[in-house]
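Scrolling down, you'll hit the structures one after another.
Common to both upcoming complexes is chain A, partnered first by chain B, then by chain C.
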Partner chain A sequence: MTSLSTPRRLAASRDETQAGALLWLLLALLVVAVLLPLAAILGQAMLAGDGSFAGLAPLRDTLAQPGLARAAGGSLQVALATTALVLPLAYGYAAALTRVALPGRALFRLLALLPLLAPSLLPGISLVYLFGHQGLLKSWFADGSIYGFAGIVLGEAFYTFPHALMILLTALAVGDARLYEAARTLGAGPLRRFATITLPATRYGLVSAAMVVFTLVVTDFGVAKVIGGQYPVLAVEAYKQVIGQQNFPRGAVIGLLLLLPALLSFAVDRWLQRRQGTQVSARAQPLQPLRQPLVRLLALLYCSAVGGALLVLLGTAIAAAFIQQWPYQLSLTLQHFDFDLVDGGGWLAFANSLKLALYTALAGTVLVFLGAWGSSKLRTAGTAGQLLHALAMLPMAVPGLVLGLGYIFFFNHAANPLHGLYGTLAILVLCSVAHFYTTAHMTARTALAQLDGDFEPVAASLKVPLWRTLWRVTLPTCLPAVLDIARYFFVSAMTTVSAVIFLYTPDTVLAAVAVLNMDDAGDTAAAAAMATLIVASSGAACLLFALLSHCLLARSQRWRQPL
Partner chain B sequence: MKLDPTTLLHKAPPTDGAATRPYLTLAGISKRFGQQQVLSQLDLTIGKGEFVCLLGPSGCGKTTLLRQIAGLDIPDSGQIVMDGRDITLLPPAQRDYGIVFQSYALFPNLTVADNIAYGLGGARRDKQHRVAELLALIGLDEIAGKYPAQLSGGQQQRVALARALATSPSLLLLDEPLSALDARVREHLRREIRSLQQKLGITTIMVTHDQEEALTMADRVVVMNGGRIEQCATPFMLYREPATRFVASFVGQGNWLAARSRSTQHATLGDVSLLLPAPHGTAAGSGLTLFIRPEDLVLHPRWPATPDAVLADITKLELLGPIYRVSLHVPAWGAANVVADITHAQLAQLDISPQQRVPVSLNAARLRVFAGEETQHD
Partner chain C sequence: MHTLRTLLAAVLATTSLAALADTTLTVYTALEADQLKAYQQKFEQEYPDVKLRWVRDSTGIITAKLLAEKANPQADVVMGVAASSLLVLEKEGMLQPYAPKNLARLSKAYVDDSNPPAWVGMDVWGAAICFNTVEAAKQGLKKPESWKDLLKPEYKGKIVMPNPASSGTGYFDVTAWLTLFGEKEGWSYMDKLHQNMAQYTHSGSKPCKQAAAGEFPIGISFEYRAAKLKDGGAPIDLVFPKEGLGWDVEATAILKGTRNLAAARSLADWSASQSANELYEKNFAIVAMPGIAKANPHIPADYEKRLVKQDLRWSAANRDRILAEWTRRYDNKSEPK
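Our next item is the complex of A and B:
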């Protein structure tokens, strides 16, 4: 008999050993793709201008720069203003979608999610066309005052609206009709019911949405780059330091600053998730949407106004892409799509983006699903599984700009054996997978968590190898989530500009980067055309995935429908 | 919990399964999670073809014990030997058992036939043949092409059972297999599983918290509490002669009476002296607790000849269906409150109603004696 002191371990079967090795391999990949680049930023932030180690001195010097303090102040202001604007707007929109019998509900939901298809540069371009120096409505913002604070806030509001909406939709979708009935029998009016039932039940969602909007605004540089004018914000400052002045240590310090709100929001979110628990008991009665004609009319008007504004911002850039010379010569043309006339990368950039999106979707989905499966379903996952899960959460807290900086510092280092990756499409794929890993991982984990935890033990008792159960049961039952993950990777890789801006070369230039560079060079119409291509291909991808999902569900998911 | 004692008495001939060839031997099994000792030094031997139930309240360690046997966990110490082979550290796939979980864990995207065939290898024809055989065995030939979501709970349960039996394992593990079903289906499946087990002669271990299930299905019941085995006996012995206070209070109903020992085999209960069924081994004058089942209290229509009858006040009369439960206050037994079970026929003969007095005696041969005076049990 073994003594108590000897730690015993169950012998692993062959498939479990293989799966364990795979898990360690995935973990190593995440370390290279996420952890080491971040560590490289920390290291870089401690170097003096000549590359010698200087401890905390560069950090102090950079923070003492008056420009940086102004940029930090500017970022804080636009982020707070955007949050204050978006939160009530999105809350009202979400409430109308979930709590009111709104005509055309699906359409309004789709409309509000459209901004996800566009790079954050697009609202900037639209705002220029609407309210800029040559804008149709330039009188609304006198003397070009759209360039700066107002423009950034409006653009960021467009960019962050769907993110806030998705969180609030989830928060508002659940509710217990019994509570409202009880309140009504006790004589509480609509305002009192809202203040005592709806608001408290959704407060976690509100905080979560606020954190997401705030972080997105602070770390995004697309909107500010296009419409920000001379208004200082941190993200643009980091971009200028690295791309413009090649001052890497200073870029690294700003990168570290950008990490702060993201880390804070990440911590708050974790804390909320622990506190939240299950708010709605299993016996909760589903809510009946409000049907009073007046409420429905008001909701319809409200959603039309908000959704219409989003559509105008999206549509202006698209319209401008097809118009001869905005706003003087409004005849239609395709000449702006002839990118050979302008710098920026042209059709090569678009082809590269499609390739990047495709490879990211493929590689990302496979890696994420295997990682999520291994870390949650493998009996022998152990340390590797826990580490992988923890590391998978990290990219959420790392702004793309920071990740991109880290990639320069890590991969561009001569001593790095992976140095050869620098400047290839492969590093762009790796960076994009890492950048969007968390959301995909969470989606996969959620889908896997819904499967019965006893599938693997049953299969093991039947002596069926893990791989066969993964292929025959786990993957087919998670197929909708898998398609969702692939679509998410595709669209994100198509629209992102922040991480890849530091990593592209003339050969691997991307569409979103081209938008930025064309706009920078004053070719706004070409930038609008390229942005339109991005929206069109993300939209087409979404349609394609929806179609694929529909067909696959109909064919292979018959089991979901009870007879 | 209602329990009809008469059905139990029919199973009286006690078949001690452990006497047959030992098939599974657990020796000194201990397991702790963090600070909590979940299993401590468990020893258990299960014979070939035996049906053993692990019974106990939630948190008693019964499911943990099953997980050690299944290789889903390993004990911190101790040894598990199956058919002469030490399997303590072997992964599940290298053991030889079929398992049915509480959730059934049927693969939702596979048909009933594919679920049952999941663990089968070999040629397609052989598989089809075996699946047909198993479907016939569980009496569900016509549902081969359906998906689990299209089946009733009872059908799902039987499919899970067929899947577990498909590879002809030598051991069947059942983890609360009936708890998700409604009462009527449960009762039917109890009989069905038991007869299937007897037909196949497969060694079976079932975890349950339902004592009625354990008593009606098992050859032997292992009552667990706090990570230890309280008693391991046939259902009959378990009910008739509970070895510990826990078993006595957990299985069936009973009355606890504070008494005092008078000599090696005599005790004083209030004003009454009783001859105990066996020497109790405590010093004269020390406190004892007597345990007696409600059906072993006897109510008399008129004053009986027995010397130990006393008067009791009837406080409540409850109809439990096949029997009546009479609540009594007995001043002569140290003001004890007890319940007695009587049949409808007995009640008619007694012609009693609440607030009346009735002579009561107890069947001293059925008394269980525990040391100490603690009579509070939940």
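Our next item is the complex of A and C:
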């Protein structure tokens, strides 16, 4: 006798077969967009200068370069210093936002996320105007010492702060009030309560944030390129080898080195997630935010100082874009927005970036959502679903610089049938979608996981086609997440430099790349102007998405409201 | 059916016409961004059926890119790239020799000496130091008059120059010092100069722009950028060091294997024409066609005589060696103190 509770294996319906085929197609796309370029870079790292196979010799040669050891040491130092600086700052900020009844909490949260709107080159430009030889606050860093270690660390701190903050906010958001209650009864002071309850409960978040900051710093080259002076770091070294000397094998080897911290951080993160388990039991009492006036005042002061510093760094570059000729002619002007006479591609670059961001948001959102839906909701997902999910996690561990290099080696190979893509806007879209795939995929999976797994079987039993269920039920309920994904893709594509720096052509120049090239040619004010345009458009996009989700949510998300 | 066929024929006809009418040349260049537009406008006005698509970067990058693409060249023409770089390409057999229409009217000194020439000069650009007078007054710095002056301890951390690996301007500074002071003394001069150097920049004009903005009071750059910034109101003086000035020729050449040879020749013709030289003249004190250049208030009348006696073939032949040595000694300079 067969048990009634075991579902009978039904033959896949036609739409399920279609969906299964679609899943394989998406998988193939990810293989082409992520896996093969990475394989290509591995292969390239084993070629000699003339293109013949040389095994591990190029790796040995590159590692033996004295410049490389210095650059690796430099990268390590700035990454450690930035992590040591950002972690406590962001922890305090996150604690103030989550654990204190902070006045203007939403505003402070927004303020701290502002750096996400800017390319990593922007803090470098601002630091020159603030602490350079003609800087407003030049006495803070005497004799140009901002160029180099100090400048890189400050710039990277700006760039990585929101990333660390978001992780720590999640870590600090939950807690059990009973623990604090018990500690207080037992006579533990605030410091002791912090050391024995708060810190241990958030240790995974701290490690995770540290890894993210460390990896971002090691793999970013925007800040170091602008403010690094002659201070050697790996990411700039890879850029110099590839762009400056067209030494692709050596660039590939350095790219592989850049992959190491990212892979390590990825592995640690996975390990942590498995260990973390449940921290908050069902009987936990929600935390009450601290209301003592002194604590609130201190938190307010602290957040104003940190948030203010971020705002100053962002605002300086924007202000500089409108000043005639710092520091000699301080009248206001729009002439730096006339990009005709400087490098970088000017307004064409800005238009291209808008296009890239739009297409990336569109294509990325559709692909990611279909992939996440197929791999988690489809009865017939099987191997394709598992493989897709595994592959979707990979881009997180691949720095943009490495991905971009992989794209050169893979797509610019004469034998590749996709060779025609090389040099088009399409390859930039593909690369951007791949680069930012993981975060978007995880967002989609989380949203989909909130939906009951019974929707699809029930719909199927009522003979409702799979696609209609997706369109009428799944998609509308996940709309907030879908909009989040689109916004994330848009802003990331607008601000990224690292992956696209190797792939653009004169017809597909991009705004963030233009910022870099203008700064390289010494047109700092024009670079500031272009960076301002980037910030303005990513900011406008965020507002637009917020408005859109507000309107759509009013219509499609009423089910979330309590009756 | 009939209409469809006519339509198809019409489409074919117009597209093939368009293909004839609009050849797009990919031109690799190290010309300054603010020069490109005028050159392009004039050329496209005189040759309306050829369009230009620039790929612009500093000399070293353009050279490296061309060499890397040797097997499968992407450029049709190089224009405004240092002759010392083009000589490297010539040695690699990458250039298509061509005698442009106006060749006889150009000064032989600035044209490749093989026949027909592999590259044809446009103008000469040479070293100049931008010296910020406002910052100098504030910091009590004396105006340097010679290359040797730059070694004085008072200039420590005050000087910027272009990285010779990426910048053609930086490269002729280095070859000029090696020519002026001799190989051994030249390197020891640079060792000492390195002690005073705040930064090595990617591009040849950035040092002067930084001097103009007062970021670093002394920028080793070239005369066009210096004169342009001074005209724009920057508080700088131009210094032409008395030992002699490094220089190079900006030149045009056709890449072997170009699929647009006829259009490429049009650009080469134009680049050697009088109307082109009249445009170069607006930017440079010495142009390939004698009798065109006019005096520039910021540049001394005997400018040509101040140039170092220097063999571009030597600069080209030793390019790899000199850049490797320079990079070994000075690149990745530890943080400036």
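Just a few scattered comments:
One rule holds in what follows: the second predicted complex is superposed on the first by the 553 of 563 C-alpha atoms of A that agree within 3 Å, B and C clash if a C-alpha of one lies under 4 Å from a C-alpha of the other, contacts with A are read in each partner's own complex, and residues count from 1 in each chain.
Note that in this section contacts are C-beta pairs under 8 Å (C-beta built on N, C-alpha and C of every residue); 3 or more make two chains touch, one makes a residue touch a chain.
Nothing here was measured: the structure is a model prediction, and the numbers come from that model.
In the superposition on chain A, A:V128 makes contact with chain C only, not with chain B. In the superposed model, A:D523 makes contact with chain C only, not with chain B.
In the superposition on chain A, no contact is made by A:A415 with either chain B or chain C. By the touch criterion stated above, A:P327 is placed in contact with chain C alone, chain B being left untouched. In the superposed pair of complexes, A:V473 makes contact with chain B only, with no contact to chain C. By the touch criterion defined above, A:K463 lies against chain B but remains apart from chain C after alignment on the C-alpha atoms of chain A. In the overlay built on the shared chain, the residue A:L191 is in contact with neither chain B nor chain C. On chain B, the positions that touch chain A within their shared complex are 27-28, 30, 70-72, 74-79, 88-95, 97-99, 101, 103, 105, 107-110, 118-119, 146-150, 163-164, 166-167, 169, 173.
By the touch rule above, chain A contacts chain B in their complex via residues 1-4, 8-13, 16, 379, 452, 454-455, 457-464, 472-473, 476-477, 556-560, 562-563.
The residues of chain C lying in touch with chain A in their complex are 33-34, 37, 53-56, 58, 60-61, 64-65, 67-68, 72, 134-135, 157, 165-166, 198-203, 205-210, 213-216, 232-235, 327, 331-337. Looking at the complex, you find that chain A touches chain C at residues 67, 70-71, 128, 132-134, 143-145, 147-149, 229-232, 243-246, 248, 325-329, 340-344, 414, 505-507, 520-524.
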